[in-house]
Structure formats: structure tokens, C-alpha cells
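First the structure, then my questions, so here it is.
Labels run A, B, C, D, E and F following the written order; every chain starts at residue 1.
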Amino acid sequence: MQNKVLAFGEIMLRLSPPYFKRFSQATSFDVTFGGGEANVAVSLSNFGIPVDYVTRLPNNDIGDACIRYLKQFGVNTNKILRGGERIGIYFLENGASARPSKVIYDRAHSAISNAKPEMFNWELLLEDVNWFHWTGITPAISQNLADICLDAIEVAKSKGITISCDLNYRSKLWKYGKNPSDIMPELVKDCDIAIGNEEDADKVLGIKAPDTDISSGILDPEKYEYVVKEMHKKYPNLKTTAITLRGSISASHNTWAAILYNNQKLFISPHYDITHIVDRVGGGDSFVAGLIYGFLNFNEDYQGQLMILLIKF
Amino acid sequence: MQNKVLAFGEIMLRLSPPYFKRFSQATSFDVTFGGGEANVAVSLSNFGIPVDYVTRLPNNDIGDACIRYLKQFGVNTNKILRGGERIGIYFLENGASARPSKVIYDRAHSAISNAKPEMFNWELLLEDVNWFHWTGITPAISQNLADICLDAIEVAKSKGITISCDLNYRSKLWKYGKNPSDIMPELVKDCDIAIGNEEDADKVLGIKAPDTDISSGILDPEKYEYVVKEMHKKYPNLKTTAITLRGSISASHNTWAAILYNNQKLFISPHYDITHIVDRVGGGDSFVAGLIYGFLNFNEDYQGQLMILLIKF
Amino acid sequence: MQNKVLAFGEIMLRLSPPYFKRFSQATSFDVTFGGGEANVAVSLSNFGIPVDYVTRLPNNDIGDACIRYLKQFGVNTNKILRGGERIGIYFLENGASARPSKVIYDRAHSAISNAKPEMFNWELLLEDVNWFHWTGITPAISQNLADICLDAIEVAKSKGITISCDLNYRSKLWKYGKNPSDIMPELVKDCDIAIGNEEDADKVLGIKAPDTDISSGILDPEKYEYVVKEMHKKYPNLKTTAITLRGSISASHNTWAAILYNNQKLFISPHYDITHIVDRVGGGDSFVAGLIYGFLNFNEDYQGQLMILLIKF
Amino acid sequence: MQNKVLAFGEIMLRLSPPYFKRFSQATSFDVTFGGGEANVAVSLSNFGIPVDYVTRLPNNDIGDACIRYLKQFGVNTNKILRGGERIGIYFLENGASARPSKVIYDRAHSAISNAKPEMFNWELLLEDVNWFHWTGITPAISQNLADICLDAIEVAKSKGITISCDLNYRSKLWKYGKNPSDIMPELVKDCDIAIGNEEDADKVLGIKAPDTDISSGILDPEKYEYVVKEMHKKYPNLKTTAITLRGSISASHNTWAAILYNNQKLFISPHYDITHIVDRVGGGDSFVAGLIYGFLNFNEDYQGQLMILLIKF
Amino acid sequence: MQNKVLAFGEIMLRLSPPYFKRFSQATSFDVTFGGGEANVAVSLSNFGIPVDYVTRLPNNDIGDACIRYLKQFGVNTNKILRGGERIGIYFLENGASARPSKVIYDRAHSAISNAKPEMFNWELLLEDVNWFHWTGITPAISQNLADICLDAIEVAKSKGITISCDLNYRSKLWKYGKNPSDIMPELVKDCDIAIGNEEDADKVLGIKAPDTDISSGILDPEKYEYVVKEMHKKYPNLKTTAITLRGSISASHNTWAAILYNNQKLFISPHYDITHIVDRVGGGDSFVAGLIYGFLNFNEDYQGQLMILLIKF
Amino acid sequence: MQNKVLAFGEIMLRLSPPYFKRFSQATSFDVTFGGGEANVAVSLSNFGIPVDYVTRLPNNDIGDACIRYLKQFGVNTNKILRGGERIGIYFLENGASARPSKVIYDRAHSAISNAKPEMFNWELLLEDVNWFHWTGITPAISQNLADICLDAIEVAKSKGITISCDLNYRSKLWKYGKNPSDIMPELVKDCDIAIGNEEDADKVLGIKAPDTDISSGILDPEKYEYVVKEMHKKYPNLKTTAITLRGSISASHNTWAAILYNNQKLFISPHYDITHIVDRVGGGDSFVAGLIYGFLNFNEDYQGQLMILLIKF
């Protein structure tokens, strides 16, 4: 069977002042669409992997434009549901130098956030795929979406589909009365691959490395070894875990490194300096897409390709 | 006392593809802010009339940008409430030639639509003004807003403030279980000046001219004389009523005419051809601003200034 | 079987100064892709008809961008061949008022113009379609393309596929030593539907109305009745012929009319004035797309939908 | 001897909001350079006539950019003086529909306005030319410039150079204490060709047609015959006079007509409607360039080419 | 009494090629308004401090646009005088990497530069403020402006208003026959707070550190301690002096440091590297705004907030 | 005799996505013209040296625009031949950070590539010049162009004109059946000045330094001393050779150094870091222009001016 990935999640309208203008200076917004899972889908499609994207979009011209956006990159949009009130929006002011980027979310009441479990027939949706990708953003949005994720994971598991999850803890979400620790463990336990950073492990799964100081931006492999081993102990279904570490020297200069725990072996990437950043958003998603691509194509460890660049995909 | 107008209503973020591009072609949106009542406020301020704008805006950078927009035109924004989830948005694709303009509203859950009556202290808000302007759009949004309008009108009436209302029937609104005929009569009965078109009179106030065919775009003064006289009969507090008639030969070519019933005299404007339209939205609002300006400055009938141009204000 | 159209022809990179700037003023070009057959494909896909586009594009980022352009509108690009040197280019300066539009073609040596008959397996390409659309532009480019058109038409005919042809005479092409009258009759004779203007009938098929003066822009149905009847006499396989008449009062103001001869009945459209033109290119293609859509959906004469607007699709 | 034209006058930096934006909406200005005499020079160079432009520009990057602008069109800039404080600027808001264009001049203290007669060696400057063109704008700026014009005309006359003058009355200029009637007659008396409209004839030369009503926009040849004949009576050196009549139905729709009195014969152009105007400025200058081109190339009356389009050159 | 700052000085129209384009490449200019004192006013208003701006602007649409610019940021513009010929302009080409920024001033004859002392009623203008800010740019423009500054300072002093001065020596100004040392000491002697760099102390006040080499960009606190102590000796009214040191490694990479002498204590900031600079202009003004904000809010030394970022405010 | 340089080669239309957008994101291309020899010509003209550019351009509006581009910088275009099919095009995607720039050439069949030796009368073309500049790009395009180069060099040599050559090896060219080593030695042997990098010396002239590793980016003068001395041994007519070394740390950060062997003395430049690169293309050409300018003006070694910045010229 040919590889086919299905990614599930929200995709939002992204509006950002051109160049490095501020919200207070903008008289136009650059328009694109994005979201963690959709970014992974687009990257995989660019790499040549067939991808379905599953989400729910309103039945209007902006929903159409979003579908057109995905289609141009070859992502299959036939499984997207139409309906609901609106597409989620985020406003992004690109940072530069000492001024950090700023994101304003206007995603409440989006078509996908109001979706109901009975709208998704996962048996059908997952029929022709062998990889299912989701992230911790989705169950953070609403109880319904947490339930829909669970449905999807259970069906995927029953079909022997590989399941990957980017833990992606977002403190601004999780507003519907549940904590990540109430919801995520049940979702993660059937996954094959987990990707996260130390904060994700701590906030989402309750696994904390001893004596770590994230803010220093210095990677201490021993401490992360502890974290990934704890994760695999707690979630024995996991075959692979990747921990990424992005340091932010300035909005224009980040550092990047990752460790990969695969088949009980630990791989540590070099430490990269990424300067002159044009568009920071989606860097982690590119990493995930590269990881999935690697597993689908090489079926082996491939440490050298860990870093997918942060530049606009 | 110096004249001061207070306008109350929603103001939305307006996003439109540049030039005459379509939604399917746009990679950027021109950004501005607009709404019927805010357009009137901006025009009046441009004409030199002190204006307060009252609305509710979210406490984020987009809300700030909206306030900055109003401020630059000299509109007083100190009475604007901050809070709520989001600013209402409308997407506008400018029509041209035979292709009509297209508007997609994403205004549900806006800060103002979720406002509560107790947030507005109309005694205080209306303290230093002598003209209150509202439109039929506001009570169409929610029961709360209908109640807030009623509060404002009652306080304005009690203070002897002139009240103008643009009936502005919008079929896409009025979704909260009430019809305009349930709500509007009580609000209109204390107004001094009403502005509308024939559809407004019919749908909002239930007054229908005999044998009229709006679609012909031909103005038959006798029929409209009947309409305005019926309005004044039903709403004896009204001193002035204006009926506007916009014909749409194409998106680039409209016609414009108006009749004014003032102190029991009927005035009929010439019939204008407006071609080469750059930005159609807000033409009716400009008319209203011109009307208010005229009443504030000339205290008499001034038929010659009926037409305020449709061009970008 | 579900309807599926296959359109075949060149698609070019279109570069045009923004707004109404002239070549001598431009420091940027708006970028899109276009061509008579591809425009038809995009319009049909926008109308909801499944469409394959067949052409040949170079294996580089510009070829990829062209495919991405078609994909976003849902056109199936899987049958597009990759290879060859370059994509054809046309530079377009949009006219306005008394200044006509100007087109500079740089299409020689394009991947499709250098394509060879053996590259196209029409049996396979036409396997799942029931409508084949081509235009007189393609055989005007090279002997190879004329041969490829003939191959396609013969296979389509043998499979019972409906064949439509936009005659589209272009005096700047036909440089490889053949005249349209050498090539086109053999190609047209198996078609079911032909679309053209009077010049096409004359230059391509040698059928000339008596005493017509195209430049007057006045449609004389009797004369065109003669033309279409002659066409059907000469090409008895034709079931339908449409003759379009575009008059050019200025670059911003065209007139449009068409006659349709279908099942031996003649239909004459009203005469349309199209003013405030934003982007004239592709108006005829829109008409063809509307015609095909009509035949696929209504299976009857449908005179009222003759005019598909000239505006940017 | 090959034809060579020398045009003399100011050239200004032109700053205008893009598209039809208003000054109150602009966050960028389109940048170009213009002025009546320079527009004539550029048009003539585009028509293939060698042209020198003589002016004075500041010795800075903006002066350089202006020279680069002229150079790109092939205008010879070697005779331009460098020095002075600044380049004159005009801000232009393009009108549309009922909203007229708006021009704000910021041209005082420009390098050319402060030029002194001794800076210009007209014997040398006019050495290799056979046509000298100036306009009534230049002597309206300062006494020095009036003196410099007189110097240039006297030298040109002494060399047998053809002299053309666009009367170009501008009420906003003439602020240095003189009226056009004090200055212009002496300058016009040695000219061979004069171009103007009725207002020019009246305000500049004191010749008024009986009973004319410019505002009606209706051309009454008999009245203009009187004007041109009076001009030729008063200025017997004149061989040709052209009177242009531009009517302004709206900012997007002008009318245009002209009469030409040449070798004692009167020619009357058709009446043109010019709609969908993109950029109105410089229409009269294009007419003058066409007239000069005609005289240089045809040496005869050529009524048919009177109208040079108003569109961006 | 609530804090209110009044800043006085010129504000200019700023025209700059977009992105990092050069003057020789630009076909549009980004439009904004700026000036040392106005930048301080805007920053303070952004920080929430009520600010009046006092200047003189021409009575035209460009003057209106400037006022609209200030108004949008909440700066009170009611005290701005209208009149005069023109607004000052500066053209800015943003540098990048090894190519420095380039500024062309076209500010002569501006409305403010031609202002007369009797136009400013400082008793009235300063009535409701408790902080007056001016810079050394203003008295450098004309004798009138030096006199106006003196008037303002004397009235401010008499009212007990805190006075801050950014010494801001500009070698391109001071063209009216006076040196800074003729004018500035009398203006500085009544100030409470002075801000400058070493060149300012030397050129404006004649205080030179021994053995300093500015070009090295290395801050030697002892030498600056000498400078600030000398300043306080010569101007005993000074309570606080700040010396800023900006090093320019390239147009995209500056360094920044500052020392503050307050209540006879010396504070030395860390040394900052500022890379990836988007828009350098106004960095010093941001520092001043931060300083004023700090004094108004904290009434104490606050060394940690010395660095206000250089990025577009 | 005044210095005058003639540069000969192709000039192409350069189309690049604005800012740092990718081909997959661009809806417009920035338009300019460039090519190694034309860049040298423009730079020299900017430095004040009279320059002729010789090439062949198609007789259409794009050819005209190219000539206008050169003219604006003062390059003499009178010697340019018109004719042929098309102008060569290159598409440039500017790299940033870790993403390299990408160039797609569409230059085959250009007017110059199809030029024939008999079109160029070098006796006439070189009549008034004292410096001839060509590069190794030109003979790489076609046998005809190699022959034309040889003609030009021979005539230049016979007239005592200084000849400079930028070796400029381009692996993507040289497709007409010859290798650089077949063609270049005969062309280089009469040159006075050669510029190249180590790859050029190796691939073009067959001179390889022992044990060098270009990719390290470390300059080892001794090895390059060997290379330049070998070059001068093999080509005794050479008076000067420059070897440039550009290291690419990232697309936004290059290093630059050069050695110059002149009159048998070796000069080694410092090592420059060039960060925050805006537009990398043409850096080497700027170096060559600086070198020629230096020789024409200083007639001596001038090591300090070796580095011409990489920024947009």
C-alpha cells in the first residue's frame, strides 16, 4: 500500500502586517492560512507524500480560499467538512531584533471548534491512510474536539495506523474546564510517536526533568534522557519520542536542537544557530513533517535530517 | 452650548482584497474599520462637528488599532468600552462592472454584540451631547443591544437631545428570535429624524407604498409622499424623514436620489448618476452625516446638499 | 458516468504591470498563468465540473508554480507532462480608455510547443472523460501540435467523447509553414461544437458572410445565419455552433453579443454593454466554459446564460 | 540639420497616493516627476525627436533621481544646471467620479525658481537646436525667470529657431507683483506658435470672445475664430494658434476638442469623450507634444492627429 | 495634578523608499511623519502619558495628514498653529549592512521655521502641563526659534514646570549665523534634565572629556563622569544628565549604552548589541521618552529601563 | 582622450518574488534587468565613467524597457543592436538564512545568443573607447558568441585598448559542444586584466592550486600566489590578476576577500564579513567595476578599495 498521511486539526486564516510593520502601522495584512497540523500536511505534500487534511470550514468564500490554499500544495481537501459560523483567525505581528512577535488569536466559535463527534465517520475517513497525525492543540479547544480526537485515535489504532502526536501545549487554550493532564494521557497512550519540548512533557504529561532551567537554552542530554525514558515507561506504546529545544536569542536569532529517542537509542542533534529569521512561525511543524517523512521513507534512524529549516515553507 | 453628536453602534474590522481583486486572487487584504454609525461619526468629525463614538471593543491590539483609526479623524473615543472577545469583521470584495460586490460577515460574538445594558451609563454618556444617532443595525444584533438602544433613546429623550435613526434593515441580522416589527416601533417612536429607503419603511415599520416596484429604480414621488406621511402619522414625534433611493445599474454605476419630508413639506432631489465608483460602501452613511451636519448648521431646509458623494470618505 | 472534461493546450506565465501601468512605468509585474484552454478548465472547475488539464511544462519552479495555480482551482494536473526547456510567457499591458491593451508573446520554444506526438497516450489520457476541449491556438503553434490535436480528436471520436473547439484564429501564430485552411478543416470535421467569431469562420474555415463589416460592431443576424448554416453544411458532424461578437468601443468599454445555432435553431442573445472593464483577457474563454457547463447540465438550449462576465474569473 | 527641440521650465517631484486613495488614506506615495515643459520633452523623445531639457535641479539624490527619470526616456539632461536648495514638489490626489483631483504645490524656493539670468548662456544652450518650447508657467514663478525667458526667446529669435509657447495661465502663481499682462505680451510677440485655451487668451493676452460661457463646455467655432484672429492681429509673428477645450463632466470623464488656426485657415477637431480616466495630468502637454511632432515631421496641417490621449504617457 | 507633557519642535513629512530600496530604485515612498520632539510625544502617549504637541503646520492636506498622524496616537494637537508655506520634509534611504542610511533634508522655509515669537502665548500653552520637553534642533533652525525656545523655557521655569532638553547637535543646521555655543547655554541653564552624547557636550556646551575617542565605540565611564560633573558644575539647575553612546558596527548592527547621573550618583547601563535593525531612526528619541516616563512614574532612579528599543515605535 | 569603457555581453530581464518570498508564494515579481557585464557598465556609469553597452535586444516593449533601464543610469545604449526573438530571462528567489538563493535561467534563444558575427562592426564600435570589458559568460553561450568575442578582442588589441575579462565560469552554460578550455585560452591571451576565483582558474584555464579546499572558505595566500603566477606565466600579456573569494556562511551572511597580483606584486585584502545581505546578486560585478574605476583613475595599486559592497547597486 502506498503511504498516505491524514492530519487532523484546525486551520486558521493568518493575517499579518507586511514586512516587519507593527499592528499600529499596518494598512494591509498579508493573507495566508496556517495551523500546526495543516503546516505538517503542506510540508509532507511538498515532500511528495499524499496527505488528507481533515478539518471543518465555513461554507463561504473565506472557507473556499482556505481550501484553495491547501489544494495548491496538493493536499487532498475532499474530506474537509463544510459548515459552522466562521474560520478561526490569528493576527501575527512579526518580531524583529529585540521586539518579539505578537499573536492575537480570534479563534473561538470556529467551525471546527463547534464540530460534533457524530460529524466525523473515522472508519471512512481513515480507510485509505497508514499514518494519522494530530496535536495537543486540538483537544485543548473543546470537550467535543477532545472526544473527536479520542474517536480518531481509537479507530486508527484498531486499523493498525501509525499515530503521531505533537504535544504542543498552549497555555492560552484549555479554557473549557479541563486540564491537559485530564485529557492528554488517554490520547497519548495509543500513539506511536510523540514530539514535544520539555514544557510539553511537564505540562501535558506531568514528566519533569530534575534541575532543568529551560531559559538558559542549554541542552543537557542526560536530563532529557530521563524525560524520554519516563515517557516511554508511562506510555509503553510509544516507539519514538523527539524533544526539540528552541532558544530565542532575539526575534531574528533563534537556536535549535533536538534529541530523538528511537528503539531505545538516544540521538542528539548538533546545536544550530538560525539567524536573519524571515518568518518564525511553523518551525516546529516543519520538524515534525521532516520526522514523519523520514520514518515513511527510510524506516530507520536518520539523525542528520533532524533540522528542517525555519524559513517559510 | 456647542453642538456635539454621540453615535452608538458597532464598528468592524473591514478586510478587502486590494483594487478589484477577488477573494480567490487575494494574497493581501486592505485594512480599515467601518460600520454605519462609525462612518457617520467620522464624516461629521471631518465636517468639524465634535463627535463621541460609543461602542465596545476587545482589549487587544486590533481593538487599539480601531480606536487609533477613529482618533485620527478626531472622533472622541474616550467613551468606548473595552472588553469582550473580539471585534466584528467583515470581508468585502469590491464589485466592478457586472460583478456585484460581495460581503462576508464574521461579526457574531463581537464585544459589542455581547455587551450588557448595565455596562452603559447613558446619563453620563449623554451628558454633554445634543444629538444622538443610532441605526436599525444595532437592535438587530441581540436582545441586549435592543434593550441598550431603548435605554439610550429614553435617556436622550428625557434630556431633550435630538435623536436620529437610520432604519437600515438588514435581512442577514435579526436572528435572535425577534422581528424588526417587534422591536423597532418602540425605538423609533421617540426619534426626531428617520432615514430609510422604501424597503426599510416596509420591513421595519410596516408601511408599504401602493404599487411600487423598487427594482425599476424609478422614483415616483407621489408614492413616497404616501410613505413618509404614513410614517409621520404613526410616529408623530418625527419632525423629518428622508427616503433615499439607490439604483444599481452595475457595480460601477449607481443612481442616487432622495426625498425629504421636513416640517410637512416634501422636497425631491434631482436624480444623480454616479459612475466610475471606487468604493461603494458607506454612501448612505455619508448622506446621513450630511443631513445631520445640515440640521446642526443651517437650521432650515437645505435641499441642495442632499447628495454626499459615494466616494471614499 | 460522472461528467469529466479534458482540456488540452498551452498554458503560459502571464506577466502584467499592476493596475493600469504601462510597460515603461512598471517595476513589478503581477504574476498569473493563463491560456485559452486553461481558462476554460479553471472556469469549469469553479462551476463544479471535474476537469483534467493536459499540457507540457518544464521541470522547474516556474512549472511547479503553474501546476500549483491550476491545482488551487481544483483542476486535475496529474496528466500534465513535465519536461522541455521553458514555459511560454506573455506580457500584458492592460489598456484603459482610448489606449488599447498590448500583448507581447514570448512563447516560442515552450515545453508544449516542442512536444512530440509519441509523448501523449490519448487512449489513456481520455479514458475517464466524456468531453474533450481544444482550440485553434494549439495546431497554430507547430506541426507536431497539429498532429497531436489530430491524434486526440481521433481517439476522442472513437470513444464517443463530445468534442468542442474554439476556433480562435491568431494571426501572430501559424508560422511553421502551414495555413489554418491546410490544417483546421480536418480537425474540425469530427467536432460536435464549434465556437468562433466571424473572422474565425472566414480565416480558419473559409466561410465568409456576404457584405459584413466587422468594424461596425453591429450584429446582423441574417448574415450570421448564413455563416453558421454554411459551417454545418461543410461540417455535418457539428451539432452546435456559437458565434460571438465583441465590439471594442474603448479598452474600458466593450460590447458583447452571441448567436447560437443548435439543433438547427438559431438563438440571438441580447446586446450587452460591458463598461468599467478591469481585466479583459479571457472573456471569450468564460463564454466557452459557460456553454460547456450548460450543455453538461441542462442538455437543452439555454440562451439566457450566454454571457459569462468578462471580469477576472 | 536634424531636428532638435529644447524645452525649458521647471520639473517637479510628483507625489501621489496610489490608485484613487485620498491624502487622508495614504501610507505611501507613488513617485514620479513632471511639469508641463518636461512632459512635452518626454513625449517628444518617445516620438523619436531629440530633445534637450533645460532646468535647474539641486545637487542631491532627489535631483539625481529626477535626471535619471528624464534620461530613461532619452531626454538629454546634459544642459541641466545643478545647484540651489530643493526640487519643487507637488502632491496630487487623483480624483474619481464626482470627486475632483486635488493638487498641493510645494514649489517655492525650488532650484529653478531661484535661478539667475547669468546662469544661462543661451547662445551656447541653443546652439544645436531648431525648436524652442516654453510655457506661461515659467515667467509666472519669478521676475528672474521672466527675464530668463526673455533672454532665451531673444536668442532663439536671433538664431531663427522656431518658438512655441503654451500660454498655460495658472492663477496660483504670478505672486511676485506682476500680472501676466505685464509680462507675457513681450514674450509672446516673438513666438511662432501659441497654444492655449480661452481662459489663457483672456487672462494672459487680454483677448476675450464675446458672449462665451466656458462652463457649458460647448465649443462655438465662430467665437474662437474671433479669438485666434485677434491673437494673430496682435501678434503678427504668430503662424499658428491652437485653442484646446477640455470639459470636465466628472473626474473620470472629460471631453476634449481643439481648434487650430494655421496659415490663416481654421480647423476644428471632432469632439471627443474621454472616459475611464486613469491619470488626467499632462493631457494638454501631450497635445502640445503631438502638435510639435506634427510640425517637425509633416510640415503641413494635420488635423487628424490633434488628440493625443490623456492616458499615462 | 495629573501629569501632562508638552513637547515643542518641528515635525516633518518623512518619505522613504520601501524596504531597503535605494533612492535610485524607488518608484514609491513610504509616508510617515517624524521629528525628535514629536517622536518623544508619540512614545509618551503610547506609554499612557497625556501629551500636547506644539508646532506650526501649513493649512493644507499634508498639514492635516500630519495632525491626523499625531492624533491617532492620542497626542493632543489642539495647540498646533496652522499657517506658513510648507511642512518640512526629509527623505530617508534606509541603510543595510555596510551601506549607511542617507538623509536628505528639505526643511527650509517650513511653517515652524518661519514662526514668530508673538505667535506663541506660552502662558496659555503651558497652563495645564507639568513637563516641558524641547531639543537642540529647534534653536538651530532660526533666530526666531531660538527666541521662541527661550520664551517657552522662561515661562516654564516661572511656573515650576520640569524642563528636559535633548541637546541633539546637528552640524547641518545652525546656518543663521550663530553657533550653538552662542545660544544653547542660556537655554540649558534653566533645564532640569539634559540628554546628549559626548559630541553634544563638546559642540553644544563646550565640555570635552580628556583623551576620548568616540569612534572606538568603547565606553569609558570615568571620562564620562568628568563630562557629566562638569555639566552639573556649569549648569547647577540640572538635576539629571544622561549620556548615550550609540556605536555603529554596520547599518544593521548598532551597539547602545548609556550613563545616567542623577542626584549626584552615576549609573552605567550594560552594553547592548542591537542587530537586524529594521528602522534605526528615532532610537535616541525612544530613550528620552523612556526616561521621561520613568521620572513621571517612578520618581526614583530606574537604571534597568534605560534601553528603549530601536525598532519602529 | 577621455576614458570610455565598452562592455559587451548579455543583459537579461530579472524577475524575483518581492522581499524574501518564495516562488511558491509570489503573486508578483519585482522587475529589473541584469547581467555580469551590464552590472559593471551601470556601476562604472554611476562612478562617472562614460560607458557604452553592446548587446542585442528584441524589438519590443520589453527590449525598450531594458534600454530605458540602462539609459537612466547614463549608460550609452546607441550601440545596442535590435532584433531577434526575445530577451533572456532569469527568475531569482532571494535566499535568507539557511535557505539558499535559487536562480532559474530562461535565456536560451535570446536575441544576443542568436547574434551573428557579421552583425558587429567592432572597428566602428570600439572607435572611441579605451577599455573593453567582457566575461567568460558570453563565449559560454554559443559558438557565434565565442567568435564575436574573439573578433572584439582582436580589434581591441589592434587598437591598443585595455582589455579586462571576468572569467566567470558557469557550469550551466557551455552546452554547445565546446569546453571552456577549448575556447577561453585564445580569448584570454590578449587580455590585460583577468578577474576570477579559484574555480575559474581551474575550470577555465586549467590552473589548480595544490591542496586547496574551497569549501573551507579559508584563504591561503601562498596557494593563490601559485595560481596567479601560473596564470601570468601562461598568459604573459596579463598585467593584473585578481582572485576573489566569497564564502557563504548563510544566504544572509557571506565573507569576502580578494588578492591582487599587479606588476608582479601580490596584495591581499582583509577578510570581510558581510551580514544582513539584502540582494546578493552582482557582488562580484561591483568588485570588477571598482577595479576598473581604480585603474582608470589612480593608475596605481589601490588595495584599500577592493571591496565594493554587495548591497543593491
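Throughout what follows, a contact is a pair of C-beta atoms (placed from the backbone, for glycine too) under 8 Å apart; a residue touches a chain by one contact, two chains touch by 3 or more.
In this text the structure is predicted, and so the values were computed from the model without any measurement.
K.L.:
In terms of C-beta pairs in contact, which of D-E and B-E ranks higher?
P.N.:
Spelling it out, more C-beta pairs touch across D-E than across the other pair.
K.L.:
Taking each chain's centre as the mean of its CA atoms, which one is most distant from chain B?
P.N.:
F
K.L.:
At the chain C/chain D interface, shared numbers over all numbers used: above half (same) or below half (different)?
P.N.:
Under half shared, hence different.
K.L.:
Distance between chain B and chain D based on Cα centroids, please, to the nearest Å.
P.N.:
Using C-alpha averages as centres, the distance is 47 Å.
K.L.:
Please tell me the distance, in whole Å, between the geometric centres of chain C and chain F computed from their C-alpha atoms.
P.N.:
The computed centroid separation for chain C versus chain F comes out at 44 Å.
K.L.:
Hey, what residues on chain E touch two or more of the other chains?
P.N.:
Those would be 19, 24-25, 27, 68, 73, 275-276.
K.L.:
Which residues of chain C touch chain F in their complex?
P.N.:
Touching chain F: residues 15, 18, 23-24, 26-32, 60-62, 64-65, 68, 85-87, 89, 91, 93, 102, 104, 106, 108-109 of chain C.
K.L.:
Of all residues in chain D, which touch chain B in the complex?
P.N.:
Per the touch definition, chain D meets chain B at residues 19-22, 24-25, 96-99, 250-253, 275-276.
K.L.:
Which residues of chain C touch chain A once you look at their complex with the stated criterion?
P.N.:
68-69, 71-74
K.L.:
Touching residues of chain A toward chain F in the complex: what are they?
P.N.:
18-19, 73, 274-278, 309-312
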